[in-house]
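See the structures that follow.
In the two assemblies presented below, chain A is common to both, partnered first by chain B and then by chain C.
Now for the complex of A and B:
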């Protein structure tokens, strides 16, 4: 039982819920960037929510199935086609041996999650099937898919229906990314902090699984200081430290970068805080040039948002009778 | 020193032991992370020591952020007084300085460099007042280095020079990071040396290349079969300058999987080191060379 890759799209990788426990060695979590969509794709085909799926970005792959299976596509609006015929996203559908799944042009969002019943069965590396391409670790041979690859699939069952739009979760326009100020926030002036939240930023072309760069806002002014020993001469430099997931570093004070699932684990740039865990999924659905704002929240608000996201997943489970 | 704590979103606590780098700050950070590990706190998922700071990742559904913060604050007094000594290893890393591959790469990114008319080594020699590249290489390779952090990308060591502060080399990072760095490049930024474990972006100055793998996701390299990453915080490194012929021979041995790194057990005590740096380093060299 397998999926053959006819064409790989822009960059499709195998992802699950990630690889915790190795960040201290510089090996990041990896896993789906929009974990809400990844979980729902798995629910729709009757998998464990953390089964491995394909994550496609901007442009879909073309796949051929060698045996019957159940498939679902969630995430951004990348319209699936079965043997050239349109079919619905966020809905399970059966495929036969020899069927081909392809995609139309991306209409909204950035990433689609393609779940196959039984899950994509690549070898488990350090507890996960996720691909960490920078470290050539996990997934299919540690890399994005190429034409001609064949992926084994586990044994699976029947589909579970569909998920209506009101139960899905995608970013607004502009995207509102809630963030908790902290880390090296004290390094920027109060005025710079105000402008950081007031400005509307745009996703820069440098936006990938490691991090998303934003531009178009006002450069940050730093509180003057003599740079500490070992930090480096730019006011945005710090002695190389750990980088949290979702942390917002601002090299040179100009363009914020939000680190994502394949984050570099540390480095020498000051960070102004972190995007909260509940909004990490939304970043994975932002295209270059789309507008975004950072919205200040407190820890209590961050935890409430986290519970709201969990409740949204629970509503999907209830809807599907899981 | 008193640790500055800050939440990194709802899933991380960040602790800055000191704004500036020192081995004292490193040891406090290491003691803190060891104490967190030993405490086995429910909900803690990642414990990451860094040069002069550390980070703990947690599941706020399992432990309240404010409760975890209190636990960490309770460990601070013991950590800052703990004995700064280690049973560790000294590892010899062969380095082919001024190699053709990092040279080709640095020439492609001259417009991102402070001084486009010089190589990275020429620039580093000049800003450290050492005059010649040869003298800079001698300063870089003559004394051992301390692994004070592992990270950025998989298995990349940050190395801190084990000499008096006034002798420590400092070189700014590139003005804008490169989009390419050869795998196993020996780099330099701020007061840290590093070894790029994988090919990719980087902002550190490039001095040379080692033939010795330090990260193997396939776990085929003889000494990386149990652990994918060679380095751990607290390891000690000695650079060994090699020429092209020695580099080629080492690379051939690596390709045939018969390369044997020189790794010896060593002890390190911060108080002894601070009392007598030359003597401590001489003992480390004895441990390395078996003399």
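Now for the complex of A and C:
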């Protein structure tokens, strides 16, 4: 055993890059909400980028190490403290047996990634160590961590330095979430479509790993239709369809919900489009009440953004000499 | 004077339900461990407990206000 949970914070889970390949069976991707930060945390402690780490949301856990290791904390600005002394985020530091890692108040962002050299060694379930709490699958006993839990860690090596601010990626204010209008865009009026992009929305407090709900924008006006066989009576209802990762559904036309890593895979709400994969990490760093806008892009722009994100990771690897 | 800070970002509530009286009124005494409010985030409510004791609490954040982590909710003398 190498990491003991003294207190779990609000919700800390074991996550890796996720569990793709089972969404058609209703088992979501899971994995880190900010996979850029997750990858960098692993790079800093000399792990494979897809090793399992701890994801903490809004409030840090308190952990005790029972064996020496190298640790790094990335993601939102949740200031780490080693034995009560401030230490830097986005930087590898050694810990000794008996050392305690705790955190100050969250300053910005929403989620921190705590990587330990060797990776968190929980059983692999359907190809991943990620926790899917709703399905009680993966991670540590399929659930968020509790006080008294002990986590095994693999064999690890030395730290790789630090990552400066200009190589990190966090959302702006307001966050700009690029999206491709989708299959059901035709259900809303042209004027409603313009307002959707013009409005500044705010993250609702209930936003979580399943979906991020946004409030404060204008309700959508729908194009009149004859209710299709199999669809609900609300104009936002459709005949049940698959829900892609990143899809934006608007139940009742009022509050858009972006489906994230632990989302359901299908249902009967129309989707106005999808947030592009390059910007899903940014959503994982949004606090309740923080402002966000949706920005329309084309498929070519979405693919260029994906390349930019891969280039940003390549710059971090080059900086760390990996 | 001591400050009681919110451990979480979310929405601050001073009572357990809309039709219930607040946990504490301005001027009330506070014991260590007393619940002074709730923070709503991620579909659940989290109690905020005082880590200090005092004879006079004054709220500086209003009911249903959005708060950041570390926001001062109340001051205690």
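Here is the rule we go by: the second predicted complex is superposed on the first by the 321 of 322 C-alpha atoms of A that agree within 3 Å, B and C clash if a C-alpha of one lies under 4 Å from a C-alpha of the other, contacts with A are read in each partner's own complex, and residues count from 1 in each chain.
We take it that a contact is a pair of C-beta atoms (placed from the backbone, for glycine too) under 8 Å apart; a residue touches a chain by one contact, two chains touch by 3 or more.
Because the structure is a prediction, the values reported are computed rather than measured.
**Q** Return first, second, both or neither, reflecting whether A:207 touches chain B, chain C, both chains, or no partner chain.
**A** In the superposition, A:207 touches chain C alone.
**Q** Is A:147 touching anything from chain B or chain C once the two structures are fitted on A? First, second, both or neither.
**A** neither
**Q** For A:124, is the partner it touches chain B (first), chain C (second), both, or none of the two (neither)?
**A** neither
**Q** Touching A:303, do we find chain B (first), chain C (second), both, or neither?
**A** first
**Q** Touching A:58 in the superposition: chain B (first), chain C (second), both, neither?
**A** Once the two structures are laid over each other on A, A:58 reaches chain C alone.
**Q** State whether A:288 touches chain B only (first), chain C only (second), both chains, or neither.
**A** Once the two structures are laid over each other on A, A:288 reaches chain C alone.
**Q** Which partner, chain B or chain C, touches the larger number of chain A residues?
**A** The partner that reaches more residues of chain A in the superposed model: B.
**Q** A:10 contacts which: chain B (first), chain C (second), both, neither?
**A** second
**Q** Looking at A:318 after the superposition, I want to know if it touches chain B, chain C, both of them or none. Which is it: first, second, both, neither?
**A** Neither: A:318 stays clear of chain B and chain C.
**Q** Both chain B and chain C touch chain A; at which residues?
**A** none
**Q** Help me check something: in the complex, which residues belonging to chain B touch chain A?
**A** Residue positions touching the partner: 6-12, 14, 16, 18-22, 33, 45-55, 57, 60-61, 65-66, 149-156, 158, 160, 165, 170, 172-173, 177, 189-192, 197-198, 200, 215, 217, 228-229.
**Q** Which residues of chain C touch chain A in the complex?
**A** 5, 7-11, 40-43, 46, 66, 68-70
**Q** Of all residues in chain A, which touch chain C in the complex?
**A** It comes out as residues 10-11, 57-59, 104-107, 110, 205-208, 287-289.
**Q** Where on chain A is chain B touching in the complex?
**A** 20-21, 23-27, 125-126, 132, 134-138, 142, 179-180, 182-183, 185, 228-233, 237-242, 244-247, 251, 264-268, 271, 273-278, 299, 302-303, 306, 310
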